[in-house]
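Next up: some structures, all given as structure tokens.
Note that chain A is present in both complexes that follow, paired respectively with chain B and with chain C.
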Partner chain A sequence: MNTQAKKTWRLGDDGVRVGAFFVILGIFALINPTVLSLVNLFAIVNNACFIGVMTMGLMIVMITGNLDLSLASIGLTSAFSTIMLYQAWGWEEGGMYLMFVIAGAAGAVCGLINGFFVYKLGIPGIIVSLGMGQVYNTLLLILTGVTYIPVLPEGMRRLNRTFILQVETALGTAGICFAVLIFAAAVLLVWFVLNKTMVGRGIYALGGDKVAAARVGFNIPLLYGTAYGIMGMLAGMAGMMFYANNTLFQSDWILVEQGNATAAAIFGGVIMKNGKGTVGGVVVGILLIGLIQNNLYLIGIPSYAQKVVVGFIILTSVAMASFNQLREWGKSR
Partner chain B sequence: MNKATNEDRRVWVELRDSIFRERRTVGLLVVLVALAFVMSLLNPRNFPTIPNMRSMMLQMAETGIFTLAMFVIMISGGLNLSIVSAANFSAACMASVVTGKIFTGIESPAGKVAVGVALAICVGALCGSLNGFFVSKLRLNALLVTTASSQLFEGAAQLITKGGSIVNSQIPSITTFGNGAVFGVLPNAFLMTLACYVAAALFVNNTKYGENSRLLGANETATLYCGNNNVRTLMTAYMLSGIFSAVGGITVFAKMGIVRSEYGSSLSSQALLTLVFAGLMIVGGTGKVFNVILSLVILQMVASGFNLARLTAYSKSLCWGVMLMFIVIMSTPQAEGFFRVFGKLLGSGKKGGSDAGGDTAGARGP
Partner chain C sequence: MGFTGDGEELNEFYLEARGIKKSFGGILALREVSLRIRPGEAHCLVGENGCGKSTLIKVISGVYAPDEGRIVIDGNPFKKLSPSESMALGVQVIYQDFSLFGNLTVSENIAMAYNVSSGFKFSNKKRDLELARGILDEINVQLNPFTEVAKISVAQRQIVAICRALLQNAKLVIMDEPTTALTTKEIDSLFRIIDGLKKKNVALLFVSHKLDEVFEVSEYVNIMRNGTNVMEGPTSEFDRSKMIYHMTGREIAEKSHALEIDRNTPILRVKGLSRKNEFKNVSFEAYRGEVLGITGLLGSGRTPLAETLFGIVRKTDGEMYLNGRRLELRNAGDAVRAGIGYVPEDRLTQGLFLNVSIYRNIAATILSMYSNKFSFMNKRKISAAVRQQAKGLAIKAASLEAPASSLSGGNQQRVVLAKWLAAQPKLLIFNCPTVGVDVGSKSEIHEIIASFARQGIGVVVISDDLPEILSLCNRVLVMNVGEITGEYQAGDIDETFLQGQLVKV
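Here is the complex of A and B:
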């Protein structure tokens, strides 16, 4: 009734997350003011796109209570099949927009396969993703015998040279890449599905209690299908974005990014229990991971120390989320 | 019907029931023998030889110890995705002692090794208790915690190795020991892992802790009402897991003579595959050490067979992925119908139907 009035400042709220982001940005800026330059800020956003699209997909599945470790593998297999299609068709120019459609569709198929196993056979999502991840990683590569493509078609390589906004500054040209639009679209899509549709309510309910969600009358296969379909689609598009930015295909490069996506989702406050997690929080998480990854060297920390900083921040944020949870439990008792 | 045939029948029924109860073990044994036969037939020159056995045992020493680290967590119903990074972290600590980066006061190689091993095991236990604290005290999802902490441990290892690797050129006897073998057949590392397995089996089967962790995996709410100290059980489980991870790290370091922070990223999914193969389900409450050893040998045979047949690493991981999916699908309640038909064909109508979680029940053991 008067929960609104009683709402107090709590660790683990999205506001705290935003605050933490700005505090860290502030510390960085104090050490090296270049961090706040437009060139650098745009670079952070540009580089966050790929992880961002992937994390948005991961988030929607984590809310249903399943961790998926096969996103990078889905991205790999979708990007690979798209590249192979382009080569088979002999497309050199053009097709910059179409590649996202094809990769997204291929990814959605992979995601739905995962979702099928999770829903139909009740296997925990992590086991499915470990098994199927190995399959996605290797199946196409074995079938075609190709693991390395030195030069991607020109249409794909054009992605990181296509800007939607360019500003001349003292430090050089600052530009926002086309990929940012894809990221924005992914955020909008996930936000819309989770907050404005009945399916979204169902996905949160599913994460809270599967049996209760079924009793209330939610269409469980539809919920799993939506969550896993969107996850796969976004993973496929992210994979395409990754390889297009690298301008070449090397099979296992993308696999290390899985950890970063999981980390961003966890920092964003998706705790895989009771259906918690907001789009806003996850976006902050993505930007924070981007900030740390791009800028530690600017403040004089060597790149090999990057991961320990990321790990520490994530573990702290997990602990913060738990304090919230424990307090809620304490109140209900 | 005279008495003798009655007696015969009773013995037969008992035998049949015990085979049915232990059918996971029996099945694994059958697969093991069949696989050994097929592999020997396919590679008659290379497979059934002492050098191949030796290299298989050497590889199993490494995967086996990581499987054990996952096993102690999995019987209590959790998962630990940070075993490999914890292992690399502890191995990096040991390597920096051995190469004289820290504790420079120690002069003798034996002292360095002793301090290094002790430090590695302490670091492993510390990593484990960090996970345990988050899971038991803060009551967070084990998957989430261990994913996050694996980033931290990997980062810490990266910090120590400075993003590259630490090579042990100071004390070559470590590498000699790691690759050495008793009587030229049984690798030292393998014996070490075997000792860990025996210790774990004794610990899990004969102590109150083992009982508690099984119960915790089977039904958490029930253990709370029984008044079990779940915090202590989980802390012990994660500490054990951390210590086994550290032993794994030491094994890798002794074998390779080198520490890299990103070593063996596929080992944790391999450990999970081995355990699922051995009949442990992710919900916990079950687990037999003997089955784990059997499935370890089977998977190693597949891997070695693929190597000997000169297939790529890609096809090996594809094979593992497919096997994992197959085994998991066969263990689901939905596969019950299949088992029922199969049981009727075999004529054991007694338990075929009530066998929803059949494999998990079978693996529970005495």
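Here is the complex of A and C:
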């Protein structure tokens, strides 16, 4: 009897998101066809990697029902401690892969601290991250007195010169950076954990109904630990990427990026209130933010107007989600 | 399953609770309770709010450890159980909120608890689907396993919760107030599922205070009062009044509240009232001394009508007169100022500030009445008005400073009533006034509502509880797909007739 029950295919929210991305890309391309050049498209992907890794981390915590505003701060503190470690040990040449391991581990520790406060003390994640974010921003800087490192170790700076694919075009060499592999790994990891493991399903369950998740028998601290651990690790690796790409360390440069990651996750369809969001949707959100970050000047909008556009994206996405919610409530009345 | 009556043999029962005692901070919740449930039997636990039913269930499901007594499951005695032990032995509780995940699909919700208790490390959508389909087929229910649980009806969610319990090899399914949120038709299909479970030798324990359902569904009744069993036996040995007597310890006549009605002065006159897509061309009068009932199925427009009368939503057409004066309500504040009170359907979320003291809840509507033109409040007058209402309605609370959430359901309802009465309204609108209230409190609330009408306040009761409509109201209007399709004197019709009018197309 249930064999008749078929999956109902609707133009789902993720479909709308993909559509919106291509419409925006189309508008950009109409104004300036260079947007569609291989050099530019590759540049968008390269530049989206950092924000992408960070957003994947943010997403998994948002599914549990907690917003975290300290990812950029975790990135800062992880990258800073990795750089200091390299300098202390005098590693100039090597360690492009190792830096991700160290920064990831440092970030995971920070993430777990946030998760501990959320689980053990029941403080909402947004509050924990506001408080801990300030600590991560400044603690190491206070301890060392360093806010600016003019030249990063050579091994780190190699990141944005290491390509996995290069194509010669009329406009120059188009290349895909090594960082794309890290981004791809982050997407794959979060997708696998969320969709293929029971812990991941538990993270969705936790976002759906915390009490019910406990009644079903989930190990709640394990769920928080996994979500926050992965968040911290990815934030740490993203921070490392950010500073390696900038080739120098200026402590607070990264902090503005928190807003971009939040916008990418929200446009990507993550709804904290009831544990909703798909990895596919978030990837589209990341690409959209990447497009806007890199190409506004190509269509004649000054790049400092970027924040207005990002703010607009956040509001529109939330408004659309609320509108859908209202429509569903209307139906059930 | 036959009844041997004495129950001497041990193995006859799937679960036995013997001499359970439990106290919280010196207050005795369970004094001495025993319970015996046979496989394949529907056992009903009835009693008023606060009699200890919920505590007993929590002892059986392992949430609380009893202070004294034994729980015997399948012949194995336990001094106490942990929730996971209890589940492993086949005891499954279906909570009133169902404990489902609205963001996940039907199949995943059904399989989730089974997956966790089986210790699976990886999730598998195909396995979930097969499990869900298997169990849905077993109880013969059609439900799309791909739908998100947030998008299905309350009745369907309950089915999902039952399936989840069955998948975990349930031998006893405990259901807490299983029919509260269901329509009559949905209740019938739930009872069919329950019959199927009984045939599979699954025992059921219902906690309910809806007596009609107790008679319809159960073979055995266990009545609790003040933390102990007062009476038990096969359902066939009970009738309604006997059961109410044992539940409350006193005789409550379920009588109709007939009143003197003044047909000359309509308090409320509604002419051609419409709201786009919700209801149209609604006209009626409510007279002094009368309780006017409006009934209809969910979606008939009864709730939007109530909300329009109170100004929560705006009408799109039509006229409203209160004591002959035309009303143009823009919001609920206008309605309160005009002298209309509204006691909403879900008293917990709409009618009360749960975290705030009882005192402040009652005072909420009268602040402006006892304030001067500079908006300074006269605390003494407010205090006097609040205390008078609390006394008049016999609210049982340790202190008026206690939060409203500390009260039982019936007393919370009284606080909402007190709140509106303090404002001295001309018209009171009740939306399902006794949802989730036990028999004793229900008859008291009906008596209170009738006394409003006797005091000359116009009373409109909107409800889908047909016995309530028939015993409480003098005149009944039936709403069907947004229109008033019939008007009857309550004395002239019976429940079957009214039920027929509700579903007539």
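Here is the rule we go by: the second predicted complex is superposed on the first by the 318 of 333 C-alpha atoms of A that agree within 3 Å, B and C clash if a C-alpha of one lies under 4 Å from a C-alpha of the other, contacts with A are read in each partner's own complex, and residues count from 1 in each chain.
Criterion: a contact is a pair of C-beta atoms (placed from the backbone, for glycine too) under 8 Å apart; a residue touches a chain by one contact, two chains touch by 3 or more.
Given the structure is predicted, the values throughout are model-derived calculations rather than measurements.
**Student:** Have a look at where A:Ala212 lands relative to chain B and chain C in the superposition and call it first, second, both or neither.
**Tutor:** After superposing on A, A:Ala212 lies in contact with chain C but is clear of chain B.
**Student:** Taking the superposition as given, does A:Gly122 touch the first partner, chain B, the second, chain C, both, or neither?
**Tutor:** first
**Student:** If you stack the two complexes on chain A, which partner ends up touching A:Thr138: first (chain B), second (chain C), both, or neither?
**Tutor:** Touch status of A:Thr138: first partner only.
**Student:** Just to be sure I read the superposition right, which of the two partners does A:Ala263 touch: chain B = first, chain C = second, or both, or neither?
**Tutor:** first
**Student:** If we overlay the two complexes on their shared chain A, which of chain B and chain C does A:Gly200 touch? Say first, second, both or neither.
**Tutor:** second
**Student:** Can you tell me whether chain B or chain C touches more residues on chain A?
**Tutor:** Result: the larger residue contact count on chain A belongs to B.
**Student:** Give one of first, second, both or neither to describe whether A:Ile314 is in contact with chain B, with chain C, with both, or with none.
**Tutor:** Once the two structures are laid over each other on A, A:Ile314 reaches chain B alone.
**Student:** Answer with first, second, both or neither: which of chain B and chain C does A:Gln306 touch in the superposed model?
**Tutor:** Only chain B; A:Gln306 stays clear of chain C.
**Student:** Residues of chain A that sit at the chain B interface in one complex and at the chain C interface in the other, please.
**Tutor:** No residue of chain A touches both chain B and chain C.
**Student:** Of all residues in chain A, which touch chain B in the complex?
**Tutor:** Touching chain B: residues 67, 69, 117, 120-124, 126-128, 130-135, 137-139, 141-142, 147, 255-256, 259, 262-263, 266, 271-273, 302-312, 314-315, 318-319, 321-323, 325-326 of chain A.
**Student:** Which residues, counting only chain A, touch chain C once they are in their complex?
**Tutor:** Of all residues in chain A, those touching chain C are 1-2, 5-8, 195-198, 200-202, 204-205, 207-209, 211-213, 215-218, 274-276, 328, 332-333.
**Student:** Touching chain A in the complex: which residues of chain C?
**Tutor:** Contacts found on chain C: 83-84, 87, 95, 97, 99-104, 108, 112-113, 115-117, 120-123, 133, 136-137, 140, 142-147, 150-151, 153, 299, 303-304.
**Student:** Please output the residues of chain B touching chain A within their complex, sorted ascending.
**Tutor:** Spelled out, the residues of chain B in touch with chain A are 79, 134, 138-141, 143-145, 147-156, 158-159, 161-163, 262, 265, 269, 272-273, 276, 282, 312, 314-315, 317-318, 320-322, 324-325, 328-329, 332-334.
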